[in-house]
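You will see two complexes here that share chain A, one where it goes with chain B and one where it goes with chain C.
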Partner chain A sequence: MITRQFGSEVRWMLRRPRTLIGLFGLVLVPIIISFGIWTAGDDEGGGGPGLAAIIQGNGMVVPIFTLFLSLNLLLPLVASIWAADGLAGEAQHGTLRGLLVAPVSRVRLLFVKLFGLTAMSLFAVTLMAVVGIIAGTAFLGTDGMMTLSGTTLGTGEGLLRIALFVVLVTFQMVAIGAVALAVSATTEHPLVVQAATMTTIIVFQVLSQFPSLDWLHPFLITTGFPGLIDVMRDPIPLTQIWDSTLLAGCYLLIGTGLAAMRLITKDN
Partner chain B sequence: MNKRKVTLAAAAAGVITGAAGLSLLAMPAGAGQPPSLPDVSPETLVQQVLTSKPGAFGGTVEVDNKLGLPSIAEIPQLADGKHSARIWTDGNGKFRAALPNGQSEQTIVNDGKTTWSWNSADNEVTKAEHEADEPKPADEKAKSVDPAEAAKQVVGLTKEFSDISVDGTARVANRAAYELVLTPKASEKTLIREVRIAVDSELKMPLRVAVLTNGTSEPAGTVGFSEINVGPQDAKLFEFTPPANAKVTTPEAKEEKGRDRKPELGIEQALQGEDPQIFGTGWDTVVGAKIPAQAMTQVPAEAQGLVDKFTKKVSGNWGSGQVFTTKVATILIADDGRVVAGAVPEQVLFDTIGQVK
Partner chain C sequence: MTTSTSAPVTAPVKGAVAARTKGLRKEYGSTVAVDRVDLELPEGAVLGMLGPNGSGKTTTIRMLLGLVRPTQGEIELLGRPLPEGAEQALPHVGALVEGPGFHPFLSGRENLVRCAAFEPLLPRRQIKQAVEDAIERVGLAQAAHRRYRGYSLGMKQRLGLAAALLVPRKLVVLDEPTNGLDPAGTREIRKIIAELHEAGSTVMVSSHLLSEVEATCTHVAVLHRGTVVAQGELTELLQAGGSALQVITPDVEKALSALRQAKISARPLGDGLRVELAGTSAPQVIETLVQGGARVFEATRWKTGLEELFARLTEAEEAERGMSAVDTLDGGRR
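Take a look at the complex of A and B:
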């Protein structure tokens, strides 16, 4: 029963034209990045901060570089669109009423929506990673994966690192999506959900620029993003990765809880 | 209806748990209850620290810096704030250090024959083969983040000039430790109030060093392990193969290139020069040098501006110059090229600078 609902939710999401357009847009990102770096060529110096410095001739870094960049804006945007469609969109079309009066518990309805969000986030992130590996290898070539620590990992271990990063990024996305779902449960206008989510993410990133607000920084989900780059260090330091994931976990709990409270008390 | 209330309560509990989790994550890790350890005399502890052989270990070091230094783009590790580094050693001279710098990383590996220094920001490896026992700059840099080494040096240099005591215990990186306190004797004219060293109760290896200065209760600087695992480390950590498309240079070549690019290094080199002159002993030791006039004129206007911004103009019967003050050290640069520095108030430097030749 529940698996059928999960399946139909994902099918329903995939059938929306904007989902397909969104996925197509996401896939373009690693291709454009690989192409851009390839045309920039091996000019003197190279270098730069973070992954940008080691990406030349190191195609397996492209998926991680792409996801790391997209995590700041693009992936939260996509998560907020899906969360907006999930409840607010259905409310707008009047289909949510049918779901709420159906003999299905509302908590289960929320879990179906959350599952749809998770499945689609994982799908989108994996798709970007796969395209990133292909485009990176094609444009920049590869000889294992060079880490920020200067070691070179074999292809197998490199793929494992990419898989780990995919899971970590998906989790961040789901956490943002869960909070967006809570907003989505309160309104009939999907655009309000997207605007609210993106405004929050951007405001968080602005706030984290002010050293005088450092007491606030540990509460912001965006504070956890940069630490995920530790996946590219060798051996992997786990502290920051754990902290970021726990931080996102708290957002997931808060978002899901608020969404459930709102759905349960919602009038038909 | 009742079931609805239960679900509602469960959802509310989820929200509260999440919020509580957030505040828990935001709280700095508590130090925990200090362990109770058998008493030890300060003299024995000092002796044990100086003779301890830490053996193999790997760990994460946190550096908390409140020295009040200006932030210089070239050496961000010196700027105020928290920095972390990871170090591994096999106990027999081989080691690896990973020094993250934002999203980049510098890795230093000493495999017993060669010291490799990799910097991800410029995709460059510096390779220094060991010929004699001379220490390599990269080795020194890697060791400077090791609290055990730093503490040993401090204790060795200052124990005769300090009142030494054991002030309770502490838990550092989840290990029980004694707090060894070195207080400069009253006759020492220094900015430093005390140095606290947390010494592992089992290995007698320093786990944390904190420097406290006069007039503040917070340490001006702390270097300590936040995580340590003692025992043999993966041998692979002490090997390094330069990445396929990285530039490999020698320290000599790199220095050559650096000198062309940054003439302001003149001052730094003079201070590190062959014969720095040492005045005094103990905590109020002052290091002096004379910068060749040529190096002084090489300082570009831009660097001069930087110097002016952080220094104060002073003069006296010794001449005139600029004084640069941090919480733990003072540097006096005279206009004629004489430089003196030490963990002392500026008056001590004024008294000493006349002796610089």
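Take a look at the complex of A and C:
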């Protein structure tokens, strides 16, 4: 029964025109990045630190670079849209009543929604990574993957790193989505959910710029994002990746808990 | 007046009960939407829930389906207490509440498939057939492939009904099912209700269209200002509430005082009086009038329909607001 509901949820999300348009938009990101770096050519000569420095002639870095950039705004936006449609959107269309009368228990409904969010996030991030690999290789060429530590990994090892990064980014996205679901359970207006989520993400990013607020920084999910780039070092230092993931895990638990509390007592 | 009419006809239901509420109350902030609602829905009955807009019909239905938590009171649905027993009871209940709710970007058929995926009683391999049957039953076969976005109000209602009938149900709850339907559509809904009744299902229909209720229901519950003012079998209710005597007399004042002394309620109307027969009989009334010195030219038994009963039960508000509490045309829902 639950697998059938999971299946129905994912099919429903995939049938939405806005999901398809969103996925199309996400896929454009790695293509544009590859194209941009290709046209920039060697002019910049690898100046500046970090990923941008090693990406020239290093197509396998494109998916990592793409996801890393998107995690700041684009992927949270997509997660918030899915979370918004999941509960607030269903309430708005009156379909939430139908599901509850079927009946689907409210806790199970939340898990169905969380599953849909996770499956679609994983799908979107994977899609971006795959297109990134293809576009990056096509435009920039590749001989394995150059790391930030200066070593070069073989193609197989490089793909593993990309897969690991996909999982880590998906988890961050799901954590944000879970908090958005909690907001989604309180309203009938999907736009409120998206606005609230995006405002929070942006405010977090602004707050993390102030050194005077450094006591707050360990609690902001956005401050965990940069640490994920450690998958591009050789060997991988685990501390920051672990901290970021743990932080996202807390957001996931709190978001799910709040959403469940709200959903259980809600009048529909 | 209202209490005296409802008292004799809210006798306890004999036999099994499909749904029952006791002392139901729901507050939204400081507003009391529903108060002291004691409903009994006998198994196999077709219960018409009547009430002006805002009388608490939909709120009561939503509580009955576990969508809304009552502030106070108990609910029993198909023998199970709510909300604890919701997962056992609700699979046997089909509902169309507060208008149909579907996804605009999916076709009618796809919407039903999504509903069916969440029906606990429907095995996976029967989903396709159940969806086609339901579409056929409500007469949507021509439009099933079209997107819900483009549906007319009538088609939306039909799809909502189809979703309620995906699985054979013990209880079907329809909130304003004929809203937006043309006369042919209304007849079809009546036919479906009659079929459900024949098949032994219990049906609960809320409506502000009195003719609709009179035509399809075996039982009636009248809600007014969030509380039940009368309920029972339709025929009994009409007999008890609908009998009045129209008396033509030139001596209205004398007649009124005579009746008042005999504790019979009456009011001036046209060329005479309208005398309520609750707790009394026609010969008694005439005897009282004659003994009181009022000349009776003519006395006619007034056999009322549901419309008049309803108007009388809710007349306090009617007088207060100076307008009809009944929407005979299709007014806004709620």
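Operating definition for what follows: the second predicted complex is superposed on the first by the 266 of 268 C-alpha atoms of A that agree within 3 Å, B and C clash if a C-alpha of one lies under 4 Å from a C-alpha of the other, contacts with A are read in each partner's own complex, and residues count from 1 in each chain.
Keep in mind that, in the parts below, a residue touches a chain if its C-beta (ideal position, glycine included) is under 8 Å from a C-beta of that chain, and two chains touch if they have at least 3 such contacts.
For clarity, every value in this text was computed on a predicted model and none was experimentally measured.
> Check the residue A:Gly94 against both partner chains and state whether it touches chain B (first), chain C (second), both, or neither.
In the superposition, A:Gly94 contacts chain C only.
> In the overlay, answer first, second, both or neither for which of chain B and chain C A:Thr265 touches.
After superposition on chain A, A:Thr265 lies in contact with both partners, chain B and chain C.
> Check the residue A:Ala102 against both partner chains and state whether it touches chain B (first), chain C (second), both, or neither.
It touches chain C, and chain B stays clear.
> If you count the residues of chain A that each partner touches, which comes out higher, chain B or chain C?
Touching more residues of chain A than the other partner does is B.
> So in the superposed three-chain picture, is A:Ser8 touching just chain B, just chain C, both, or none of them (first/second/both/neither)?
Once the two structures are laid over each other on A, A:Ser8 reaches chain C alone.
> Just to be sure I read the superposition right, which of the two partners does A:Arg16 touch: chain B = first, chain C = second, or both, or neither?
Once the two structures are laid over each other on A, A:Arg16 reaches chain C alone.
> In the superposed arrangement, what residues of chain A touch both chain B and chain C?
105, 265
> Name, in rising order, each residue of chain A that touches chain C in their complex.
Residues 1, 4-5, 7-8, 12, 15-17, 93-105, 265, 267-268.
> Can you list the residues on chain A that touch chain B in the complex?
45-51, 53-54, 56-58, 105, 107, 143, 146, 148-152, 215, 218-219, 226, 229, 233, 235, 237, 239, 243, 246-247, 249-258, 260-261, 264-265
> For chain B, which residues are in contact with chain A within the complex?
Interface residues on chain B, with respect to chain A: 4, 7-8, 10-19, 21-23, 25-26, 60, 86, 98, 100, 102-105, 107, 116, 118, 120-123, 125, 227, 234, 237, 240-246.
> For a test of understanding, state which residues of chain C touch chain A in their complex under the given definition.
Interface residues on the chain C side: 62, 65-69, 86-87, 90-91, 93, 95, 97-106, 110, 113-115, 117-120, 124, 163.
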